[in-house]
Amino acid sequence: MEFQYENSYEIKDKITASSIAILPVGAVEAHGPHLPLGTDNLLAERVATSVAEQVEAFVLPTLPYGQVWSLRNFPGSINVSNESLISIVVDIGESLYRQGFRTFVMVNGHLGNQPALKNAARVLFTSCPDMKVFYFFYPGMKQAAKEVRETDSAHATYFHACEIETSYMLYLAPEYVDMEKAIKDIPHIPEDADVTPTPWEAFTKSAVLGDATLATKEKGKYIIDIAIRNIVDMLRNNGQK
Amino acid sequence: MEFQYENSYEIKDKITASSIAILPVGAVEAHGPHLPLGTDNLLAERVATSVAEQVEAFVLPTLPYGQVWSLRNFPGSINVSNESLISIVVDIGESLYRQGFRTFVMVNGHLGNQPALKNAARVLFTSCPDMKVFYFFYPGMKQAAKEVRETDSAHATYFHACEIETSYMLYLAPEYVDMEKAIKDIPHIPEDADVTPTPWEAFTKSAVLGDATLATKEKGKYIIDIAIRNIVDMLRNNGQK
Amino acid sequence: MEFQYENSYEIKDKITASSIAILPVGAVEAHGPHLPLGTDNLLAERVATSVAEQVEAFVLPTLPYGQVWSLRNFPGSINVSNESLISIVVDIGESLYRQGFRTFVMVNGHLGNQPALKNAARVLFTSCPDMKVFYFFYPGMKQAAKEVRETDSAHATYFHACEIETSYMLYLAPEYVDMEKAIKDIPHIPEDADVTPTPWEAFTKSAVLGDATLATKEKGKYIIDIAIRNIVDMLRNNGQK
Amino acid sequence: MEFQYENSYEIKDKITASSIAILPVGAVEAHGPHLPLGTDNLLAERVATSVAEQVEAFVLPTLPYGQVWSLRNFPGSINVSNESLISIVVDIGESLYRQGFRTFVMVNGHLGNQPALKNAARVLFTSCPDMKVFYFFYPGMKQAAKEVRETDSAHATYFHACEIETSYMLYLAPEYVDMEKAIKDIPHIPEDADVTPTPWEAFTKSAVLGDATLATKEKGKYIIDIAIRNIVDMLRNNGQK
Amino acid sequence: MEFQYENSYEIKDKITASSIAILPVGAVEAHGPHLPLGTDNLLAERVATSVAEQVEAFVLPTLPYGQVWSLRNFPGSINVSNESLISIVVDIGESLYRQGFRTFVMVNGHLGNQPALKNAARVLFTSCPDMKVFYFFYPGMKQAAKEVRETDSAHATYFHACEIETSYMLYLAPEYVDMEKAIKDIPHIPEDADVTPTPWEAFTKSAVLGDATLATKEKGKYIIDIAIRNIVDMLRNNGQK
Amino acid sequence: MEFQYENSYEIKDKITASSIAILPVGAVEAHGPHLPLGTDNLLAERVATSVAEQVEAFVLPTLPYGQVWSLRNFPGSINVSNESLISIVVDIGESLYRQGFRTFVMVNGHLGNQPALKNAARVLFTSCPDMKVFYFFYPGMKQAAKEVRETDSAHATYFHACEIETSYMLYLAPEYVDMEKAIKDIPHIPEDADVTPTPWEAFTKSAVLGDATLATKEKGKYIIDIAIRNIVDMLRNNGQK
């Protein structure tokens, strides 16, 4: 159910304390030659939609701008600050709370947003005391990706426009993938990239962190289905606490 | 051209000092029984798309949350503060500037956003000195609406879910309008509503400010085409200044 | 009654829930060769005084600095930001509320202050729930001015140092007007001045938007008396809501 | 020279790098039964005017609201925060700098404003590097007051509505003093009032910190003339550094 | 070299572009019955001292307050916000930059500080363009801990007052450890603790996340020595980039 | 009792409404050739420890960074803004309040911190209504110093690295004083240094404001013992109010 296509007269009864509002959060960011700038928006939206169907939730309009500090100097990237992101997400959350929602779920498609979304969730923890707030970023994907990937990961937590993320797109939004342009570009990420500010132009020209040519719809389906199942399970368990 | 479906490799050459980035800005807000909550998003997007075709601009992903203070207590409304809106729009504008854009156009579908967008534009005027920033809200519509409307306007500047806005939707997004539910509800707006904070529940239950049953696609086309032409003209003239 | 000439011992009994505090808000801003920089302060003060006499209100000391972004580069203009203005007005309003006032009226003499005053009023709407806050800028003047003006208006909402505002001064503060220096200077305001940041030096050297030589005390009296009557009526009606 | 009565055409030439802008800063605050709420505004204005005459400076409109935390619960007091005060003073100072002033003088009539004015001056020290900013509060008054006072001071740095401040008013603004209502009320100020937040209602009902009945115009003249001379001397010396 | 025991006359020559300033950052936080509240301060200080000896750096006074949101309701915890932490660290970094340092190293002893320190480092990346800023939290410890631990970790990234952290203390600050009070308390951390705000009182009473009785100095030495070596290596490599 | 060496299990019972938390606040700042940069930290800590022993209070870890605007350009100084200082002190105070403390004492060793600490105390006055907050800076020292000093003070309120402060160090932290390097350097402080921002490099190269060679442990003991006694007395009296 897309929230913005509902009308004001009918929405009132549909929003109950047990109903769930899902906000897809993405970004506009360089994703190499074969994936679109809006990759994270597309992924977040489609994961959100799939979750919503299973738990009867409302999907809110996607918040399509994220914190892309690391790639902000790459062509096409649009960066918003942590402060802006926290501020607008808190406003949205507080509005949902006043509208009667007691479960607010952020389905995030961009790793760089996680600290801001976590911070916003903590603000809402205090201002909306009986609303449960989630900030999901492909829960369980780390283990699942390890099982299907054919190349080593370039970094412990980053994946970007690579075998993995391209597989997500082949599963969820294949119409926006151009596999003919997919490349293999395994960067050497400096060991201090996790402990000092390191714009990615320091180690990659393509913004592809791996071998995108190995991406398949099946790999994407394997990981994404696990992530979606994890989200759905956590939302269902939430009702019983 | 939808910006987010471009890729990072090709976008670099496409962005030139003469190219234009258009940001549709809308809102999620009560619009009576016959129009969806996302009416302002739909309108902003489609006006933006039409403008973009005529001036060869990029359309950015819609910023779908706006300042809806007046209707924030109506079912389905999601309100964000002026501060949040200004902050994220300034971030987006500054990113576009660094990406090489020298014309940033906000096509706004929600009147309540105008003060924040104007404020953001002024911030950008200083921080991005040679970028021209526009914040359009149906330029010329006031006169054009006067020419086609069959009922008096309930307020000097507000129009909402009424003969006028419903006509816009019948022209631009008819698939989201349910004319069978359209109502006539002409409120008596207190004369001090412009000079003291007045949530709209003080004078309307429906959030419809007029007679929506009189809406027609033709009226919408008449006004919207004028607004679009005005936008296009101003953007074209901009090049010659 | 000028609030600041009262003393602390007697003011306590004089402030009751039915009493009204009026804050004149003006600006220091270029007003052409014939009007002083403090024109908006003088007008706001004198309108406030007249209103106060009719509704038995207290007039607070004038807040004499306003947001004059558009004319900030003209000789003599002193600009304060929206943020500063909102912040100090909210402080003043909250103090008045704690002092026992339940009606706080801003009589504003400078159009550029309206967005900030409206924003402040909304903040106070939440923090001082049973205090009514008004932000008046010559209510009803648009229609009244149309009736008396001999030249067309240079802009739909601006009037500045022109036939109209000079007439206000001739009525309310003639000792500060030098009609021998009054000029006629009808600028061509670019059509996009309302939709893109446009410092006024782009279209005028004088800061006079019209024909000041046509100003008369009678025109001023006609419009100002209507505005004052409208303010008084709204304040009186307020008691009955 | 009152700045706000100048006009934009002539002010340009009058503002030179050697000219001085003086901002009187006061407060609206309880001052006992015999002095008006606006005592600090009156004093600041008149000291400023006297200084301006001697150094050929412009006097700006008074900023009539100050930080009166200690007396904020007394009838008639209007309190603004340090943050608001700093913000608006910085805006004013930066505007004066852009207008060409290189000396910005705050003549402050309210002790509680000093920390905010000092803070603002330091901000301007960085943002307006070659503008000299002063924040005067009766320089030299401590010693001078000691020489003329007939009663001991109730506190090392406070004086308020007492023998001293009432004398200032008898000298500078006698028309606002009602000596028939003047009282003697020497409070016992707790020794920890300087080291823990202590609203004045903890130790005084009158807000008079001493024996106002001993005030004379002569005492006021003695101290104020010294303060003014000190200000004038420092401004004159400034030119030679 | 402890920075604060240097004097102003000699420090000038000692600070060169190649010299390094190390800021230990810790927290005051519940650490079970056997470890002190200041555990993270002690660890950060002693790791910093060890690093400093190897790279000839200055150790600054410890910033002893951290973001302990998760444990803020436990006895003895003192929590500061991300905003406060970012603000003071940025101030410190900018001062060091003006003093001539070009390498600023945060040695952090508390996981909860990492997002704020990373954020501060990014601010400094822009404001101090040629200063390298590091934010270390036991680099390499994850793998090293896996090699020595006898019990499974209770959580993928948390370790707290457990076999691991107690071992650190036995190695670096044994005089503050009371092993007689050490307990085993392996909590069941809910699977959604990483995706929704979860104060730790939801799953532990002791704040011990494991079996502290298994801690040994040797385990601590093994991991800490690796972490220190990693820090030293990265600082040394930094010189060659 | 050093708070950070307590453990979470035992601290709960030790914190009662009558117990006191003392926060030493210092600075890292140039103190001439004979005193260390951390002089204010050492003094604050040791005064705090002495007070704590007499009133059975907890001493918190020292906040070792202060607002040193005036000396920020001297070698070794590290400056933090008023805003940062206020923010972190308020956080600490609010945490202490939630932990059960009802008396929060700041023992400050650096004059430049007083405005920020006072401001923070006022914020806490509102947010923690029944917690008493003190901000001490050597209470009574002015009179006591006058009695023992052999040279005139260079300034009415400043003392720095001079006969007085060096005496404090000889009494409280003699191991950090190098009297062989002590100098006499009595600056001429411009008379306007109190009324316009004046970095100390304008009048001193050494940062020593007097004759440090005259410092003795006895002078230090005389003044410090008075200051400590005053603090202790005020804390004891506090219980009876």
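To keep things simple, chains are lettered A, B, C, D, E and F as they appear, and every chain counts its residues starting from 1.
Following the convention adopted for this analysis, a residue touches a chain if its C-beta (ideal position, glycine included) is under 8 Å from a C-beta of that chain, and two chains touch if they have at least 3 such contacts.
Protein names from UniProt, one per chain: A, B, C, D, E, F = Creatininase family protein.
Since we're looking at a predicted model, the values are computed, not measured.
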{"item": "Contacts common to chain A and chain E (chain labels)", "value": "none"}
{"item": "Shortest contact path, chain A to chain D, counted in steps", "value": "3"}
{"item": "Distance in touch steps, counted as few as possible, from chain C out to chain F", "value": "2"}
{"item": "C-alpha-based rotation, chain B on chain E, 0 to 180 degrees, nearest 5", "value": "120"}
{"item": "Over-half contact-pair match to A-E, picked out of the listed pairs E-F, B-C or C-D", "value": "B-C"}
{"item": "Between chain F and chain D, distance of the C-alpha-averaged centres to the nearest whole Å", "value": "29"}
{"item": "Rounded Å distance between chain B and chain F, as computed from the means of their C-alpha atoms", "value": "57"}
{"item": "Residues of chain A whose C-beta touches two or more other chains", "value": "none"}
{"item": "Ring path (origin chain B; first step to chain C)", "value": "B, C, D, F, E, A"}
{"item": "Residues of chain A that touch chain B when the two form their complex", "value": "2-12, 15, 28, 30-38, 41, 60-65, 72-81, 83-85, 87-88, 91-92, 95-96, 98-99, 176, 178, 181, 207"}
{"item": "Chain C to chain B touching residues, read off their complex", "value": "69, 82, 115, 118-119, 121-122, 124-125, 132-136, 139, 191-192, 194-197, 234, 237-238"}
